[in-house]
Amino acid sequence: MAIRTVVWGENVHEQKNEVVRNIYPDGMHTCIARALSDDKDIQVTTATLQEPDHGLTEKRLAETDVLIWWGHAAHGKVEDAVVERVCEAVWSGMGLIFLHSAHFSKPFKRLMGSPCNLTWREAGERERLWVTSRNHPITRGLPDHFELENEEMYGEPFGVPEPLETVFVSWFQGGEVFRSGLTYKRGAGNVFYFRPGHETYPTYHDKNVQTVIRNAVHWAHNPMQRLADPKDAPNVPVDKAPEKIEERGPRLHQAGEKGLR
Amino acid sequence: MAIRTVVWGENVHEQKNEVVRNIYPDGMHTCIARALSDDKDIQVTTATLQEPDHGLTEKRLAETDVLIWWGHAAHGKVEDAVVERVCEAVWSGMGLIFLHSAHFSKPFKRLMGSPCNLTWREAGERERLWVTSRNHPITRGLPDHFELENEEMYGEPFGVPEPLETVFVSWFQGGEVFRSGLTYKRGAGNVFYFRPGHETYPTYHDKNVQTVIRNAVHWAHNPMQRLADPKDAPNVPVDKAPEKIEERGPRLHQAGEKGLR
Amino acid sequence: MAIRTVVWGENVHEQKNEVVRNIYPDGMHTCIARALSDDKDIQVTTATLQEPDHGLTEKRLAETDVLIWWGHAAHGKVEDAVVERVCEAVWSGMGLIFLHSAHFSKPFKRLMGSPCNLTWREAGERERLWVTSRNHPITRGLPDHFELENEEMYGEPFGVPEPLETVFVSWFQGGEVFRSGLTYKRGAGNVFYFRPGHETYPTYHDKNVQTVIRNAVHWAHNPMQRLADPKDAPNVPVDKAPEKIEERGPRLHQAGEKGLR
Amino acid sequence: MAIRTVVWGENVHEQKNEVVRNIYPDGMHTCIARALSDDKDIQVTTATLQEPDHGLTEKRLAETDVLIWWGHAAHGKVEDAVVERVCEAVWSGMGLIFLHSAHFSKPFKRLMGSPCNLTWREAGERERLWVTSRNHPITRGLPDHFELENEEMYGEPFGVPEPLETVFVSWFQGGEVFRSGLTYKRGAGNVFYFRPGHETYPTYHDKNVQTVIRNAVHWAHNPMQRLADPKDAPNVPVDKAPEKIEERGPRLHQAGEKGLR
């Protein structure tokens, strides 16, 4: 069965800024979605900030295997209820790929538990991405390094937790470096952060970038059944303990009572 | 200079429940603080939920090297503004030690970015903690394993991210296991989760448990100067780039403009 | 294309010890291989210590996607040249699954770079394995925990490096715990250690154990092309540098010279 | 008590190559040792390849808290017995810091279990190291980045296991990047790899490099008592099991017998 993938785009600068509109006349999300649609194992749709529930209802998320997130100008307009819903979907097993300025998106900050800050410069300089984890599935079909002639600079220190694996590190013409491909697991869900994609440059038209995102969809996809309630903290009563024990000592909770949260 | 340590106690069951009051007549936080006060390199005070700002003002946190957190019945009563303030203190370099039921406290969930759930049983069963990282500083002075005759059971799966290091794993009489000592770094701050400490048992009177907490204070303490603004994302203008570059291509931001969040 | 899997068995106790022979009349490796052969995506063969090159020639390893290793009595009889060959195959991308007493096998110790020691007891006690990484691909189709009525005990501390992920933790009737499922990456190859499998008990006839091993084969398989020389350290001459630079300062090496090792 | 630190130098190019001798007239190890001797909490001595046992007898290692290793031309001349001795010292709790070309030293390859390869270029280009783990103890007193005007380039992919933490990432003038500060734990010992230090440049005279090495000595030092036998795998007999159990089923080992290796 194909991997049901949703590309979520903020879709703001494409409407307001002529430079961005010229590069992505149908929106950045559409450009990314088209690149994925070449892969017959991926079934791709899009969603945007402007739709009701930002296009991310409970039902939609329940039927999404991998979500891709791009946002920049309107992080603050994403409703907290949707953010929590997205995070719960991740915890239950949905994959989530964050692109570029999504480092400051609400769901990324929520899942990382850290500031997610960095240094930056918008000067159209050259970026070169180096593979740091050989033959990692996300690097399939890539050379050891590839270049983007014009990109925004993101520099270290990047305020994120130590990842499971560092997959890419970027070199910038102006002298900075950045860990630009990082993997995480949160609950049952796989999370990947990928740096490139400033909206005033044609980054998502780049073949190598498209390859990374396509690989990341495959990597992030967890084919196992989603957890029904990823936040559940079940009581295991004494008579259901794997080993026979007898209750001892004083108790706070009465039998059958729910735990405190 | 001594490590300025604050033991934060929810201080609810000690007031309401006679069993708990009998074990901890001055509150659990006071018991923990006393155990730390034997160490001349630790300067300890306490704070509770009932104080203004829960005893955790900006000023207090700025002067705290390590915070210890115990809560259970009243997680929901901790104000969100204080939670955010505590997390920012961690990101700027404050150490934070979460005890037992603090796995469901707001700051722990915020820093982990995951559900932090588990299975549980209150039956006064035996717990045995095993050291899994030999000679880790948090295990200083401990044997390879030690026992608590009566404890609440916490069982896997524990809904937390993969830690930097797993320091302890617990065995329970009823048949479960739990990763009961886990280290993390968030921003510039060290975080340690330590499992034991159900309020109806005399766990914080146990010498080995006290040793762990004392060691953890030393481990979590970062003597470097705290970051002034751990969430800052500074622009590096073209003329301040480490390497000389010339600006190219279109721009979204005007010179001197702040980045989008 | 099916995953070309080789089950390597030491095949010593099956020949010498009647208890073991009765449980595994065709050898432990054959029992494991049969369990895998139900999976049409796995193409399985076996190899043993007694064969020339222990059945692991350069050619055989080059055509092996995933190797499974069980050994106990004869670790010392495995030739160092074969060990090095196996490790190079891992570094080039072959998956390698170590079972039970293979914690002391030469290739495991070589790949871990640590003592790989533990405590142990052969008393036929009950082991219960708990999943600690929810929905990890290696846990597909398993319940949250499962039991083996008779197993050898392995206890912490387990002398291995911190893994990428802890997938299982074991509870033992005698009071110990053990991190019994651990993932690693070495070079381009995926490595998994799985604890159960003492030869005097019918562990590899257990359905859940078979499921773990089958899942691990899929997880460890890296479909990307193997690295031609995983130890290569190529010089990048000045005129091939990604950015134009001029040579400066004194040199140790002459142009075209190989690096020192 | 001061941290007993030994700086081990291969001491070959200093003798043979005039450029190196001019920069380090008393040897690189002496230059590094002098930089450490400013710290009153460090008590430093040196050892070289040319001494009996390369200066690293059992006794010397037993009295060494932290060892620093620089080698390049003569990795192959280091005796295997000394390599094993050094690794056992690490496993028992000694800290070990590997500098620059020591990435291909025998003890580093042994402790990593991986090829430890990289790409390289000797062109005297500029290197800029960026801190990637804020306020990590190894970065104490350093700015967010610092430069070395002339260095050998080392490029990714670096063939090492994923570290506990990535502390530095290097930018090179010629377009490459490298994870140049990595932490590991092996057994009870802390291990740090630090990239800079090609012998034809005055790197170890640089104040920031000296600060890193001094910090790393403090970080790597484990004040706990060294493990007596870090490779021991003790049997726990049935009557010594933490929980009372009865032996069941068939056995391979007789009572009191040693385990197989």
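The letters A, B, C and D name the chains in turn, as written, and every chain counts its residues from 1.
Everything below uses one rule, namely that a contact is a pair of C-beta atoms (placed from the backbone, for glycine too) under 8 Å apart; a residue touches a chain by one contact, two chains touch by 3 or more.
Everything numeric here is computed off the predicted structure, so don't read it as measured data.
Trainee: Comparing A-D against B-D, which pair counts more contacting C-beta pairs?
Mentor: When the contacts at B-D and A-D are counted, A-D has more.
Trainee: On Cα atoms, by how many degrees is subunit B rotated relative to subunit C, nearest 5?
Mentor: 180
Trainee: Taking CA centroids for every chain, report which one is farthest away from subunit B.
Mentor: Looking at centroid distances, C is the chain farthest away.
Trainee: Distance between subunit A and subunit D based on Cα centroids, please, to the nearest Å.
Mentor: 36
Trainee: For subunit A and subunit B, what's the span in angstrom between their mean Cα positions?
Mentor: Averaging C-alpha atoms per chain gives centres 27 Å apart.
Trainee: Rounded to a whole Å, what is the gap between the Cα centroids of subunit B and subunit D?
Mentor: 31
Trainee: Among the residues of subunit A, which are close enough to touch at least two other chains?
Mentor: 128, 133-134, 155, 159, 162, 164-165, 171, 173, 175-176, 185, 187, 230, 242-243
Trainee: Once bound in the complex, which stretches of subunit A touch subunit C?
Mentor: 93, 128, 133-135, 137, 139-140, 145, 147, 164-165, 171, 173, 185, 187-188, 222-224, 227, 230, 242-243
Trainee: Per the contact definition, I'd like the list of subunit C residues that touch subunit B in the complex.
Mentor: Within the complex, subunit C touches subunit B at residues 128, 130-134, 144, 155-159, 162, 164-166, 169-172, 175-177, 179.
Trainee: Where on subunit A does subunit B make contact in their complex?
Mentor: The touching residues are 13, 17, 19-20, 72-73, 75-76, 87, 91, 101, 104, 110-115, 117-125, 150, 153, 155, 159, 161-162, 164, 173-176, 184-187, 198-201, 230-238, 241-243, 245-253, 259-261.
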